[in-house]
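Each chain carries a letter (A, B, C and D) given by its place in the written order, and its residues are counted from 1.
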Amino acid sequence: MSSIYFIALPLLFGFATPLLAKLGKNGIAYVSTLMQAGLFLLALSLLLSTTWHVEVISIAPPLGISFVLNKASLFFVLLFTFMMMMFSFYYLGLRKTDPYKSEGKFFILINMLLAASIGLVLSSDIFNAYVFFEIAGVSAYILSAYRKTPKALEAGLKYLITGMIASIFLLLAITLIYIYLGSLNLAVLSQTFHTLPYNIKVLISLFLLIGFGFKVEIFPLNFWVTDVYEGSDSLVNALFSGIVVKSYLFVFFHILYLFMPHSEFSTFLIILGVVSMVVAEIVALKQTNLKRVFAYSSLGQVGFIFAVMASENVYALTAALFIVLAHSLAKMMIFFIITSIQRSYNSVNIEILKELNSPFLRVMLLLSMLSLLGIPLLAGFVGKFLALKSFAVSGEFIILAVIVIASLIESIYYFKITANLFSKDTKREKVLLTLSQKVVFSTLALLLIAVGILPWLFSGVINDAAHIMMDNAAYVQALMEVTQ
Amino acid sequence: MTGLIILATFIAVIVVAFATVIQKKLPDTIILFMGVGLGAVVLFFVFQAPDVALTEAVIGAGISSLIFLIALKQFKEVV
Amino acid sequence: MIETFLTYLNQDSTITAIVNICSMTLFFIGLFGLLTHRHILRIFISISIMEIAIFLFFIGNTFNKAFTAPLLGDGHTEFIAMNDPIPHAMILTAIVIGMAVFALGVSFAIEYYKLTGKTDINDMNEMGEL
Amino acid sequence: MNLKRDVSTRTYSGFALSALLVLTILNVLLQNVPEKVERAGEKLLTLNAQEGVANAVTTVVVFFRGFDTLGEIAVLFIAALGIGLMLSSYSIKEHKEESNFILQKASKLLFPIIVLFGVYVMIYGHLSPGGGFQGGVIIASGVLLLLISDQNFEVPHSIISTLETFAGISYVLIGLIGLLVIDNFLGNFLPHDISEMGMLLSGGIIPLVYIVVGIKVGSEMSLIVQHMIKRSDDD
């Protein structure tokens, strides 16, 4: 069984779309959904068998490019393919008048985004990761600006300029790595990185932090994020927050763990994550635009994940992966709900929730917000509880207190939204939901509840993923053993 | 000799790049930017990288400057 | 006098130092332009200069003047004493990617200008405060 | 007045900030001269002869790091799509004034020569500097010449995009055939004898892939250029 299909098939689909467009308006959507569902099933089947699988491209590592599929990357592949499948199901239910409907180009972009996100997770070559970084970037810029309104174009331009600056610093880091270490393979680099002089090490890590920091939306470098979320369509935001950020987070910490295990920078990174969480939650209080509120909430959650992953132990990483799962599910659901509201009422202001005439959507929105907040018996609780526990065990009580305070602030604006949601104002006409959209919402909600009530169902996979992600020796061994 | 060529070309590139950045008129900026690309082509040749030089010549100095020039026609208030 | 200067310039360590200093100066010029200018095309040009600086830095640092280009012909029949081809391949990729992203950015800027008449990124404030 | 002070403050602070960053980088770089390490590229050079390709950069671009190139043409493909999306929605007006007769004829005369040169660069990519990207862009520059000289000229959009689609599909399919035949994505499954090195038909799939890349890049760049020019003639 080969892991290359996860990247090659979406790419092939993207290249072939102009031909497939002749299938008719809806045909291409069905084919794309089928392919994504197939990839998800493939990933599920691999869950039973795969331990380590290294896919060689052209020439064996450490010289060439190879893709490593292990329990850790498989977790992310599963998450991405599942999320993309949900996205496609939701898309199928959009009305015919929708600006995104019956557009072959849209499918090229989302499939390229899927290929690039999976490629980022699987690739074991740092320059290859840069290429996937760019593919994901370019498709995200176009998705942002897709509707060609001034707001959308402005979002696209801001995204593009920051993305360019990020890629320049990333390229600089990669060139320094190649000049000083003579290799691009992550396994080789993880063995030789500690031999570098201290100054060079700091320089390379600084450039990597700047390069990825723009993309993982960490505090001083995340000024552009909310504008992009507001300008682009909420349908697209579901992808940004559910898939793209998660793949960048994985790559950044994968490289960090491999290059500098238990580094002296981890405290700095934890503080960075916590600061970006607190700042985002405080600024979110003032917002009145739903997209902006949840963009800030996304920033806060990503900062939290960043801080937890930076503490570099297996328990924290398990917690972080639980939060990644819960956050992806909840945020995707929230942005779908906003899309449905926006398509029906043509507004995304927080006041519109007072007139929302759909008990189903109200319950769903409440459920996902409670999960984000970390209420027991919902998915968000498991991750948050484990994360706080791991901070408590390692004795970092200041950080723990700050996180708790940030969560309290978070609860204030969720409460504000909830108050709007259950006010007794006159309602507008009903929000139209098709069957497939209802199925998507119910599936996501069921998963949120299932992760909350039965965390042991998922903890096997996530524990394995966390253990393997921290296990540098196994990674190096798996890559070095491969021969053509 | 190589060292001298590298130093001289680099100084020329830096001067042109500086002029590009401080130039007030946008069309002149773009022409000067083309000059930076051409200097880079010479340097890539000296660095024994003919493939990169050819690519930079057709893409970096050629097509992308032309794209800038075409785009400039769009902006009516040329600064 | 000139002879000694030329031999000094031809030393490998001098060449590396020249490459480092000059390409970083170029990088500085690009960064300065990026931080100073507010016209959208100027920002793209500044970023372009930064990219060229990195390309020159990389190729210049991995280059050995005793070796030939990684290419057979003119009497070379074996792949020995040649410059490293990997940086060349990487920079080739990076140049094409950079050009593609620029063209895309320019098309966004054109479209944005047609709709709003703005070219200054400080004026780009369609979205809410903060 | 206020605005002017703003500009100068920004200039000085920008100067200081960038100078600080770059001086720090330079300081670190000059203090730590890289040691002699064995680079991956040197090992690849020794392996290069096995593929029977005279230009080592081509082998690295198309074969050893082939997936980078696949990703790269994916970036170009998406960017071309985005540019088409951005700039294509405006109606193209009829042009009243024709350009100079001599200019038109001369550029028509020059066009085949440029295309010939582009194809040469593309096909000889495994023997001499150049290859798919460079050749493709040279062909696109020929198209640019025609577009500038003759306002009524238009790239046959449907043919070009079909060509592009087939090139893209065949690149991935070549990779998948390699996976099926020798269990290696983008593996060199065609015969590539060392004795044939330097000949036009050498190197197995490498020239084939580079030609496919050239077709794809050429058609994408032509479309990009066409969108840009037609859009700017618009008003």
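Methods note: a contact is a pair of C-beta atoms (placed from the backbone, for glycine too) under 8 Å apart; a residue touches a chain by one contact, two chains touch by 3 or more.
It should be emphasised that the depicted structure is a prediction, and the values quoted were computed from it without experimental measurement.
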Centroid spacing, where centroids are CA-atom means, of chain A and chain C in whole angstrom: 31
Rounded to the nearest whole Å, what is the centre-to-centre distance of chain C and chain D, using the mean of the C-alpha atoms as each centre? 16
Mean-CA-position distance for chain D and chain B (Å): 18
Give me the residues of chain B that touch two or more other chains. 49-51, 55, 59, 63, 67, 71, 74
Residues touching two or more other chains, restricted to chain A: which are they? 127, 131, 134, 138, 141-142, 145, 148, 178-179, 184
Counting only residues that touch at least 2 other chains, which ones in chain D make the list? 25, 34, 39-41, 44, 55, 57, 61, 64-65, 68, 72, 75, 78-79, 82, 86, 129, 133, 224, 228, 231
Drawing the touching chains as a network, do you get a line, a ring, a star, a complete graph or other? other
Can you identify all of the chain pairs that touch? A-C, A-D, B-C, B-D, C-D
With touch defined as at the start, can you tell me which chain C residues reach chain A in the complex? 34, 40, 43, 47, 50-51, 54, 57-58, 61-62, 86-87, 90, 93-94, 97, 100-101, 104-105, 108-109, 111-112, 115-116, 121, 124, 126-128, 130
For chain D, which residues count as touching chain A in their complex? 25, 28, 31-32, 34, 37-41, 43-44, 47, 63-68, 70-72, 74-75, 77-79, 81-82, 85-86, 89, 161-162, 164-165, 168-169, 171-173, 175-176, 179, 184-188
Residues of chain C that touch chain B when the two form their complex: 6, 8-11, 14-15, 18-19, 22-23, 25-26, 29-30, 32-33, 36-37, 39, 41-42, 44-46, 48-49, 52, 55-56, 59-60, 63, 65, 67-71, 83, 87-88, 91-92, 95-96, 99, 102-103, 106, 109-110, 113-114, 119
In their complex, what parts of chain C are in touch with chain D? 13, 16-17, 20-21, 24-25, 27-28, 31-32, 35-36, 61-62, 69-73, 78-80, 82, 84-90, 92-93, 96-97, 100-101, 103-104, 107-108, 110-111
As the complex stands, chain B meets chain D at residues 49-51, 53-55, 58-59, 62-63, 66-67, 70-71, 73-74
